[in-house]
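Structure record follows, encoded as structure tokens.
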């Protein structure tokens, strides 16, 4: 069932004269994973708190299932349809099991059922052997798993995650991200996920919202946001300009062939066939040569023929948009442009090394 | 939860109930203000139950320093006072704060000191002159130094001796009679003490009596009733009942025999009905 | 030295021999201290929690007052409470002076700031985000309060011990408002001082031993409860 489960309209929050959050309209679709990214201080956490009905905006309204939120008596019932996970695990001083069951206990779920549901999610997040342990003895990763299990056990209508992995080391972060991904696929929970890490957003988000200085600058699919940032500020934050969604077509000897529709790209890696991925190539890594130059012997494995569609000067560099069945952006020096006598329409070959491709694994199901 | 509340109520009742029952039986409580040495002698532990049994009153004995005992009575915070500081008592009566002063009993003070007697006062008849010799010899002397009846008496004797007690030899303990005796014992010093306390501490304090039986060493106890105008809720009837009790023949007899079984001699001499001149005080 | 051994021996004899007066004094001391501590908990825990969780003008002043109150000399408290309870005082009507109730009142005044101050500190040290997290998983206001108190239970047990310890061992207030009246308001501390001034050192030591033993027992039970939560 599609449709907006949560809508925010005309919301403003100010602190000390400064507008911390200003959202004209934001609708979260049922069942989607919405990733909100932005730099620190961009208002992401404030937005998440308002979504979770933890803070009331000075102006504007929040609608749940199309109905305006009653900030008075009915607030607790509405608020209990959400569950949040924060950067710190913030567990209570008791066992893991009791912690995971806490959300259910608070809602009056009978003890037996609470234990059962908690047990299910404790297993899903791989902390079954820790169930009887005291929360304060857990490591950072184990504690955050507990926090996640706690939120999932509630089976909320909307799950809110505020930079849940920022405080973890990269290896733990990777493990948890994978487990979260799996869990989300299993449940089709509507999820709003705040992060400052673009890769996390790309991996998990069905849609990505970019927040800068309290405003939602762009809200669209990852490809659009990263491939066609709505403005220079967004582009500057988003950084990556070449995003190629595709599927693993074949894997041999550590090299994968990714079917990106119009293109086939070779990348190193170990992923199974059929997996959905997004390939990222930084414009600086794309080398442009005139098509007439013939095939040169170099280490790059990916050569794509196309035409120059756009040339934009950015200081001492030039942004070159090449149409090769898929738009590809390269960043080269002005000097090179002159040297290669590039202009709109010039036939060129865009090359990039397989190793320059950054693969984002989107999981098995499309 | 409910069980906890029941337990709590049962617990609190006796401690808090004591106050409320007193409020309802208002006129049945008599507050007696007296001195610590009177209380410590143990006499009141015998007399008060006697009074309570026969009169039906309940007595709260507040034993503090003489000054505080009289001050409390002057504020109406007591109903009757039993103290032993004649000059102060007369002052309070003259001020109208207390009335119906009646003598009850006396005990006496003795001057004790180290057996070696460095000041050479043993057997002297006049205590003031003995003190003069102590000061002259700069022999160690321990004083109560706490404005108690004993202390006031001691100061009067120094004045009579024409000596201002000052110096390293003059030690002010600022404490009760018992503590002071212990200190005197430790320091092998002279000190002035009431006979009752001396007898009670005989085992512990090995300082013999050196001077006694001087008229100036008499410690006269009197009972005074508190003027009801001193404050609200003064139990004048109860105060009078206690004062009457203290001078009644039965009580006087009890006073006479107090201490005999324990110390072999009576600690107090009952003198109800007599005047100060008659006993030489 | 033998004085102390004498005293300990005397203590056992008094207790085991069921000396009625000593047992009565001991029980009264415990009753009074437990009651005043209980009242202090009933007032101090909610008050301390409230102050810890809310912002209001002059909050710093209130907290300073509480912290000052934690160090009130018992004898000063005794003096002021007795002035209130005097016949001539505003509460004289209730005739509470020289009753156990008066001691409970005075000891409550001593213990309440201790309990309030320590509860305040205990609740304040819970990370503020914890509150938000509990609300974010569905806690109502009442449930949140319960969760916070549960988080702070270890330092709060310390508050209970501190409150009880402070009042069971004080003598200044007990003396002033209780009067050490035999059979009515004589408690272990006032009896100890009295026996000392009378020179009955062995009895005084015996009473001290009993007092220490009782305090130790109570603290042991509470500590066992508190430390039960520690990881082994």
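Every chain is named by a letter (A, B and C) in the order it is written, and numbering of its residues begins at 1.
Operating definition for what follows: contacts are C-beta pairs under 8 Å (C-beta built on N, C-alpha and C of every residue); 3 or more make two chains touch, one makes a residue touch a chain.
All of these numbers come straight from a predicted model, not from anything done at the bench.
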item	value
Top-ranked pair of chains - ranking by C-beta pairs in contact	B-C
Chain closest to the assembly centre - both centres taken as Cα means	C
Whole-Å separation of chain centres (CA-atom averages), chain B against chain C	34
Whole-Å separation of chain centres (CA-atom averages), chain A against chain C	56
Where chain A and chain B are represented by their mean Cα positions, the distance between them in whole Å	89
Of all residues in chain C, the ones touching two or more other chains	none
Complex contact set, residues of chain C against chain B	28, 31-32, 34-35, 38, 86-88, 92-102, 104, 179-182, 184, 194, 196-199
Residue ranges of chain C in contact with chain A within the complex	127, 129-130, 132-140, 143, 147, 150-151, 153, 229, 231
Chain C partner contacts - residues on chain A that touch it in the complex	49, 52, 54, 76, 79-80, 82-84, 86, 88, 90, 92-94, 102-103, 106-107, 134, 136-137, 150-151, 154, 160
Complex contact set, residues of chain B against chain C	8, 11-12, 14-16, 18-20, 22-23, 26, 29, 31, 36, 40, 45, 60-63, 75-77, 175-179, 181-182, 200-201, 204, 231-234
